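For reference, chains read A, B, C and D in written order, and residue numbers begin at 1 within each chain.
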Amino acid sequence: MNYGPEIEVAIARARADVSNLHAELVRYGLVIWTGGNISARVPGAELFVIKPSGVSYDELRPENMILCDLDGEVIADTPGCERSPSSDTAAHAYVYRNMPAVGGVVHTHSTYATAWAARGEAVPCVITAMADEFGGEIPVGPFAIIGDDSIGVGIVETLTGHRSRAVLMQNHGVFTIGKDAKDAVKAAVMTEDVARTVHISRQLGEPLPLPQSAIDSLFDRYQNVYGQAPKGAMK
Amino acid sequence: MNYGPEIEVAIARARADVSNLHAELVRYGLVIWTGGNISARVPGAELFVIKPSGVSYDELRPENMILCDLDGEVIADTPGCERSPSSDTAAHAYVYRNMPAVGGVVHTHSTYATAWAARGEAVPCVITAMADEFGGEIPVGPFAIIGDDSIGVGIVETLTGHRSRAVLMQNHGVFTIGKDAKDAVKAAVMTEDVARTVHISRQLGEPLPLPQSAIDSLFDRYQNVYGQAPKGAMK
Amino acid sequence: MNYGPEIEVAIARARADVSNLHAELVRYGLVIWTGGNISARVPGAELFVIKPSGVSYDELRPENMILCDLDGEVIADTPGCERSPSSDTAAHAYVYRNMPAVGGVVHTHSTYATAWAARGEAVPCVITAMADEFGGEIPVGPFAIIGDDSIGVGIVETLTGHRSRAVLMQNHGVFTIGKDAKDAVKAAVMTEDVARTVHISRQLGEPLPLPQSAIDSLFDRYQNVYGQAPKGAMK
Amino acid sequence: MNYGPEIEVAIARARADVSNLHAELVRYGLVIWTGGNISARVPGAELFVIKPSGVSYDELRPENMILCDLDGEVIADTPGCERSPSSDTAAHAYVYRNMPAVGGVVHTHSTYATAWAARGEAVPCVITAMADEFGGEIPVGPFAIIGDDSIGVGIVETLTGHRSRAVLMQNHGVFTIGKDAKDAVKAAVMTEDVARTVHISRQLGEPLPLPQSAIDSLFDRYQNVYGQAPKGAMK
């Protein structure tokens, strides 16, 4: 299977990104054992790259990442294709099929975010970093289990038109989306961070609400000004 | 003492596994100082290998792991036999004698699991990762102290016929079993992870229950489909 | 742009300090991703050095730190000037303009301190280490968002004449000041440590108050006796 | 100053132990910045070795540890004597003068232990590891501040005749003693571990009490049987 030089370069980059970015999940303590997974869309093609199932973080390499089409089917005769892709592949594929601006998807069971998810409770937006990053609360998606498209449907229905790039799937864990895989990883890292901070704040009383106008202005500024260049926000 | 080439190879592998796998307990923060211990059955023989007592994690080597028979007696004239085996050796031996499908046993005092154990409370199954891994709650075993077979009896009585590979021994800590030592270590890592997540979730309210049918279907799928090959579950 | 040999040496030292000290924020878990920032005044000049915006901690080097005047304007034709300075630069600049004894400023969203800030609650002084370091409670500053001088004003109004070198900006995070950047980093590290310890203490009851006379005598001694030489406290 | 070959060897060993053992305080997260200190008695002499004041953990070397007499006075003309010893030196010296079986002393502000200390509450003995190590609760000592012998008096009065090698000094932190410095470090590590586990257990209900007879038999066994040789317990 050869997709021509441009797409092959894009596939190689997606393999490297997906393989390397898992180190950030480990660094920030978002995953244990073989849990958690990252995927990246291949720009310009109906393809994405995802982590293999049940493989240890120390053994991830670009060449054992798995190339799939947007139905989540493994592409034959490509590196890594002898392995099974992440058991969450169907959910990633559903997101790519239905949210064309999404370039990366991350799934974790990070502790504090999953604790909110187990209660089916959104994380309220009470700190400015959360307004910057998510523009409001981190919402809860429906209870859905592996086996059909119900997880994918839940992610897409919850996040379409929502400022948040993260959804807490009830009793399950977190899915985040981004313009690319790194952006989705950042969302996963920030989700756990704000889920933890707001949890701890609420342990000893009720956090003060943020005015909606402040949330709006922080979100707007952060999407357009922060960092070294304007961000291509997923609008 | 020589057991013939096949068994000697199996002993060497068990020594290496037990020695190396302790690094996972350290990596995931399940043990401190010299606490915690792992053992591995030697397939094809009435033997198992276990960590020496009171030895620091930095000093563990295959050749100082200790070979025992299924009564927990150290085998004379084998590497490491000049040292005392883990003070929990009798409990490990009791499990191997009474649960023939068990190939590995792990014991820790990991923080959150021990916190549940100190209240004598099972960890309820409210997150899908827990349904996958344990098929329901993580049960509590009886209060029992070192000195006779009462810890081993408590483990075996609690886990026989139970989906969970982990038991919270009351006021004490965790014992996990697995088809091999790595599987038991995974169970120990997952036990602490879910004990922590469910604890944190309950700090701010009551987690939503998982439907029993969802627990059943997740457990069934995970035992048979997840990862790179069907798992030899301990049925 | 050349400021003459003495100032150039001071600038080089400030660049190295600011670049290196960020490692302490990472080591103590006060920051994630690109969050948090440190600045250092250039002694003898109307200048300070600050971290660039949105740049990863692994990529910080003395030569990509950014030199600013006390209005927070980037100095043209200096190393790093092609990048944007930290989005909190205006707040740092305001502090340097209005608190001449301050030689370093640090900003983080460290978890426990931000949890107190989200409730708008000062950390009460109930442990001797806090009396040593802060001489009393860690106060709360006003709610203020990026865009004008309101954050800087809030920091300066709260900390002027206060023993504490740390302020919890409501719903936001922590700003600390020090006689130099290292001293401000120490204040940031200690702020999170005492915010965490007092939080945990209060989870199971009310900490015992410290007598004011003990607070006073601990603070006085620590500012004048502790360490290898009398400290140039910011009085 | 030369104490003769035997004592000089013992001093060199104490310098190395004190310098190296601080790494365990860092590894287990018991200290931050320059907080915490370890000392070791020099066997056969009226001397002990202690950490210098306000020096970073990365800079500790055997030759900059400080040799003191049992009044806490620095011995002139010995390596490191140009620096100030730990500001807690008087408390360490008081313990050595009044508890001849003590060979090592450790002081930390570790988070969970200090949280109990801030409420003036002993850690109850509800887990078997605590019965093993401390033989009962970890007691609280009086509120006392630096400046005279009151901290040392509080430690000695609380721990004399007590099974516990650890005392929570009210509103302050932990002091532990041991037959040597390593034993005192182990006690400091275990103190934080059990303070954390029991805290977390109590967050969601009341831990079950341990029968006194079980505590007694666990403590007795651990002091006499555990590890590779009978321990020279400090009786």
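Here, contacts are C-beta pairs under 8 Å (C-beta built on N, C-alpha and C of every residue); 3 or more make two chains touch, one makes a residue touch a chain.
All of these numbers come straight from a predicted model, not from anything done at the bench.
Taking mean CA positions as centres, which chain lies farthest from chain B?
C
What's the distance between the Cα centroids of chain C and chain D, rounded to whole Å?
Each chain reduced to its C-alpha mean, chain C and chain D end up 32 Å apart.
So how far apart, in whole Å, are chain A and chain D when each is placed at the average of its C-alpha atoms?
So the centre of chain A lies 46 Å away from the centre of chain D.
Which residues of chain C are in contact with two or more other chains?
203
Going by the touch definition at the top, which pairs of chains touch each other?
Contacting pairs: A-B, A-C, B-D, C-D.
Could you please specify the touching residues of chain C with respect to chain D in the complex?
These residues of chain C touch chain D: 28, 126-129, 186, 189-190, 193, 196-198, 200-201, 203-208, 210, 214, 217-218, 221, 225-228.
Considering the complex alone, what residue numbers of chain A touch chain B?
So the residues of chain A in touch with chain B come to 32-35, 52-55, 83-84, 87, 109, 111-112, 114-121, 143, 145-147, 170-173, 199, 202-203.
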